[in-house]
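As structure tokens, here come the structures.
In the two complexes that follow, chain A is the common piece, with chain B as its partner first and chain C second.
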Partner chain A sequence: MNNIKSILKKELNSYLVSPATYIVLVIFLLITGWYFNSTVFVIGQAEMRSLFSTLPILFLFFIPAITMGMIAKEKNTGTIEILTTLPIQDSQIVLGKFLAALILMGVTLLFTVIHLITIVRFGENIDYGSIFWGYIGLLLVSATYCAIGVFGSSLHSNQIVAFIISFVLVFFFFIIEVILVIFPGPLAEFFQYLSFNYHFSNLQRGVVDTRDIIYFGSMIILFLKGATISLESRKWN
Partner chain B sequence: MIEVSNVVKDYGTLRAVDHISFTVQEGEIVGFLGPNGAGKSTTLKMLTDYLTPTSGSININGKDMATDSLQIRQWIGYLPEHNPLYEDMTVYDYLRFVADIRNLSDKVFNTRLPQVIEECGIKEVINKKIGTLSKGYRQRVGLAQAILHDPMVIIMDEPTTGLDPNQILEIRDVIRRLGEKKTVILSSHIMQEVQAVCDRIIIINKGKIIADDRKEVLQSQLAGKTVLDLELLARDPHFYDFRMLDPTLSIFHEGKVKEDVWEVVLEYSNKTDLREKISRFITEKGWLVLSMQKQERSLEKIFHELTMESKTMAKAVDQTEYMPKSKPEDTATGGEETNE
Partner chain C sequence: MNKRNTLINFAVIAGILVVLNLISLNLFHRFDFSKEKKFTLSDSSKKIVGNLEDNLIIKAYFSKNLPNQYADLGRYVRDILSDYQTYSKGHLKYDFINPNDEDVLKEEAIRNKIQPAQIQMLENDKMEVREVFMGMYIEYQGNGESIPLIQVKDGLENDITGIIKRLSRAEMDKVALFTNPDDDEIDYQSIKYILGKNYDMISTDLTTPIEAGVKTLVLGGVKDSLATEQLYNIDQFVMQGGNLLIFQDRVTMDVQKGEADEIHSNIFDLLSSWKIDIAPTLVVDENCGQISVSQRQGPFITQIPVRYPLIPVVNTMNKENLIVTKLENLVLLGASDLNIEMDSTSTVNFTPLFTSSNRSGSLKGPLYGISFRTFQNNSFNNMLKEPFKILSGLYEGSFKSYFAYRQEASRPDFKPESTGSKIIVVTDSDFINDKGAGKQPNNMNFVLNATDYLIGDTSSLEIRSRSFTISKLDVRQWLLKRGVDATDLDSVEKRTKLITKSLNIVLPSLLMIVFGFIYTLIRKRKSEKIRRLYE
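Let's turn to the complex of A and B:
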């Protein structure tokens, strides 16, 4: 546990000192701010649903970008050899890095609360339940993306390649719902279950189903496990 | 203390380490010597559990690497090849981070830090970003990281590569001081390096140990001979008569260079100087000496001979031999950095 905290602290620190973090964050907030404010007054409804459904699209780029260096850079510079020969388990390294990315995402989401305040100030009949669960859903989506991002980062020593791998993976799970029509019945159901949006939209409506939670949970565990195995694979190849 | 038995490491179809066995006692400074690609780094990486052996076992301080890796890693300080570092961290943050992962308490960290700073000479750079440091300082930071937790075993992979001659001397000094209290294992492809700091030398080539002994023993066993290169002008000579001069003398090589000019290489114990006898003998025979050159068989030569099997291999060794001589160029550029 202590080890995970050390990794987490180090990763958060490197986010803090890296200008790239701030650039990405500002771009993200500009886009969401523009998107939210250009629609909310037109629709005239005190809800965040349209923003919430756009965020996973932004995250497609944002999260692979913040996770791409996590392991890839260590592989590239060789520091992975220092890190993995310290008395720490590979799974702890992966977990610490994952949590750091997730915390950065949490902070990013916290910035969007400003839009919530707008709604609370000007709107009526606000459905707080769906907004709350929407945030929970967004966190779960981010966590899943982060897990995939860390996994992608563990596969290659080049950050750009890592970004592309992660992007393709998250994009697959994102887009799959849109292309369901091309699959026959049972297969379509299966792929629908794999899709982020299917589970996220339930939460966004304020419907809490354990199946959705289990879906996100198992995706996170699956990809973190994958990242750990990929990190350990150096030992045997 | 360290027991490596029958360790094999395959990279795909390539066998990098081939049934290596050795033991290292507490307090020894052991040097792995071999040309590039001999399997030194792979061996050290297995000792630190960065890699897992294909077969064989590694036992350190009574614990098996396969089952107690985390415990063993607590005891080891490791300086990998090329000394990778977190460029965007300050030296202090980096040491703090390593201490955190090693679960050093604040109290231990605060007492160890000044000692390590002193030992490695990194006082001036402690608050600087690692990315801005010169190679010499970077190496010291790498060393500081490796000894921070006061490990029982220090493993260093090519600790002086890329340093200028002054820095090499400094780092060797640090290593020697560490070796007074600790078990140190280091690797190098440079002969003088292991000769300068190690008690014991393990020569490794193509994944196999080809010599493993105390430095002095290796030197006297293999280096106790003088090699004499002769070029003679002679008609129909019979060189085996040379052997009557001394019981230790042997003819290492003889060959015709051109008409009546012969090349002979003699080898004899370096306890006696036979050059006078040999010259007289040659004169008696009515031959003429065109050239005579005496060579001491240094460890370097032995290393060369032991590891030389093909021409390409010989070339690689040649390069490593001459490497220190090309160093002054490095100094010229290195001097502009923050060091010195």
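Let's turn to the complex of A and C:
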């Protein structure tokens, strides 16, 4: 546990001292604010679902950008060798880095609470249950994207390649719901189940379905395990 | 761990996760944390959609960019259809179509009985009429039914479930309606239509015992005595656990002639044996409808509307009872008082459902005096000094047979007492008669609610009584509440929106930068401290 905590702290610190992180996050918050403004007074509804449904699209670019260097950079600079000589398991390295990325996303989401304040100030009959679970849903989506991002970063030492791998993976799970029409019946159901949005849409409206929680949990475990194996693979002959 | 073991380990974990997901597909639970639990389907909807044996297709025809008041509706329809799909075991598929995209889709929508609605909306600073589609078509095994126009969320689940029920021919509860072929003053088309949507409707003349499986008998009132056999069949239906929904006048009125007569029927003896006592009076209510009367004005005769207190418009409902809690503006035509005869030893519980207003009165026979002129002079006000009159009530419990001490009691299947029967009484038969007030939508809703209650389908009742509040965001309203002068409202609203928009764009980023700045400063001080320690 302490090892995970140390990795997390180190990783989070390297994020928070880097101007690049702030540039990425400020751009993210500016786009979020602009999108919120463009819809909130037009729709005239005291809710945040329009914003919630858009954030996963922004995550497609921002989370791979945040996670691309997590392991790839360490591999490129050779610091991964130093890290692995320490009495730390590969799974702890992966988990520490994953949690750091997730906390960063959580903190970023915290800044969007300003939009919620606008809703609370001018709105009537606000559905706080849906908003709260919408945020939890966003955290779950972020966590899944982060897990994929860490996995993508573990596959290559070049950060750009790592970004592209992560982006392609998250984009696949994002877009399959849109292209379901091209699949025949049972296959369409299978791909629909794989889609992020299919599971996130329930949480957005305040409905917590055990299947959605299990789906997100499974995806996170699967990609973190994949990242761990990818890290371990350097020891294979 | 070597490569082989690692990969096996990964495969095992992936396998466990796949199995877990497969199990969760059938073994799942949903928690609805939304306000008013608006995404929780009723048990009856879940059951009906879960019992589908073939694929059911729902095509929702919704135009894009609907006016503000309908903007949330399309999404709600999508949500509720997704909930139906969840419980359909893969048998329900739905598709969202924007018919405004292509002419072919528009033709398809019209072919499926979804007619475009003309909606006036503000576009480019001027009012424009737009043609929009807001309906759905449900198809199952080659048969289809449509909801041509969806304008509100309330009652949508009830409509969808009703259609699925009919199309899938799910076993419907049976409801019998007493029709007297000799009475040409009666027309029950509206309630037959509305009840037929949800129930298997059967007509009966009561000359034979009521068909097995019928749970509720709707009795539209009689003006004469029934044959003993008919009375016996009603009695035994109730004794055997059947429920009764009765709309019975005690006094008939002819408004045109200004005459009213008390009804003398053996039905009142039967009702009286069950402690149901409809008084031979006519209730007058200050809250009432109007009739048209002819009036000579010079050489012309014109029709003018006058208030007529014998048409109570009821808004005083028993708010604790699901049947009536959400109803309003029920219209009655010549209703009577319902006297309460209960005592502490009674085996029957009574619950009033609705009453006249607190400015009511009663007209007594034999003459009654129902001419509209009676109510046009000042003495009429004196008639309205009585408190509310009970016009409808629910009787529940154990009823004793009217025939218990008669020769019919010796029949082989005779039952002397009922257990757990329910009777709902409305003291006006015009309430369901299309030639009276039967076409009033609120009256029809009462009939539907009362039937659902008697059948025991409280979940349908709950769906229908459910109403959704809209989460509105209205800066203008907010400013008015804070006492902003109405003359400055436009400019203040614009300014407030501009400030809010600017803050929403700039503030999160600004706070993020400040956070970064403070964090870097703290880190710098810490490093400085450590550096100094080592120097």
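Please note the rule applied: the second predicted complex is superposed on the first by the 236 of 237 C-alpha atoms of A that agree within 3 Å, B and C clash if a C-alpha of one lies under 4 Å from a C-alpha of the other, contacts with A are read in each partner's own complex, and residues count from 1 in each chain.
Simple rule for what comes next: a residue touches a chain if its C-beta (ideal position, glycine included) is under 8 Å from a C-beta of that chain, and two chains touch if they have at least 3 such contacts.
Please read all numbers here as calculations on a predicted model, not as lab measurements.
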Three-chain arrangement built on chain A, chain B and chain C clash or fit: fit
Partner chain(s) touched by A:Ile88 [first = chain B, second = chain C, both, neither]: first
Partner contacting more residues of chain A (chain B vs chain C): C
First, second, both or neither for A:Asn2, with chain B first and chain C second: first
Which of chain B and chain C A:Gly123 touches, first, second, both or neither: second
First, second, both or neither for A:Trp236, with chain B first and chain C second: both
Partner chain(s) touched by A:Thr77 [first = chain B, second = chain C, both, neither]: first
Partner chain(s) touched by A:Trp133 [first = chain B, second = chain C, both, neither]: second
Partner chain(s) touched by A:Val17 [first = chain B, second = chain C, both, neither]: both
Lowest C-alpha to C-alpha distance for chain C against chain B (Å): 5
Intersection of the chain A residues that touch chain B with those that touch chain C: 13, 17, 236
Of all residues in chain C, those that touch chain A in their complex: 1-3, 6-7, 10, 13-14, 17, 20-21, 24-25, 28-35, 39, 68, 71-72, 75, 79, 82, 86, 90, 469-475, 477-478, 497, 500-501, 503-509, 511-513, 516, 519-520, 523
Complex contacts: residues of chain A adjacent to chain B: 2-3, 5-7, 9-10, 13-14, 17-18, 77-82, 84-89, 234-237
In the complex with chain A, residue positions of chain B that touch it: 11-12, 45, 48-52, 70-71, 73-74, 76, 78, 80, 82, 84-89, 93, 97-98, 100-103, 145
Contact footprint of chain C on chain A as seen in their complex: 13, 16-17, 21-22, 25-26, 29-30, 32-34, 36-37, 40-47, 49, 108, 111-112, 114-115, 118-119, 121-130, 132-133, 189, 193, 201-202, 205-211, 214-215, 218, 221-222, 225-226, 229, 232-233, 236
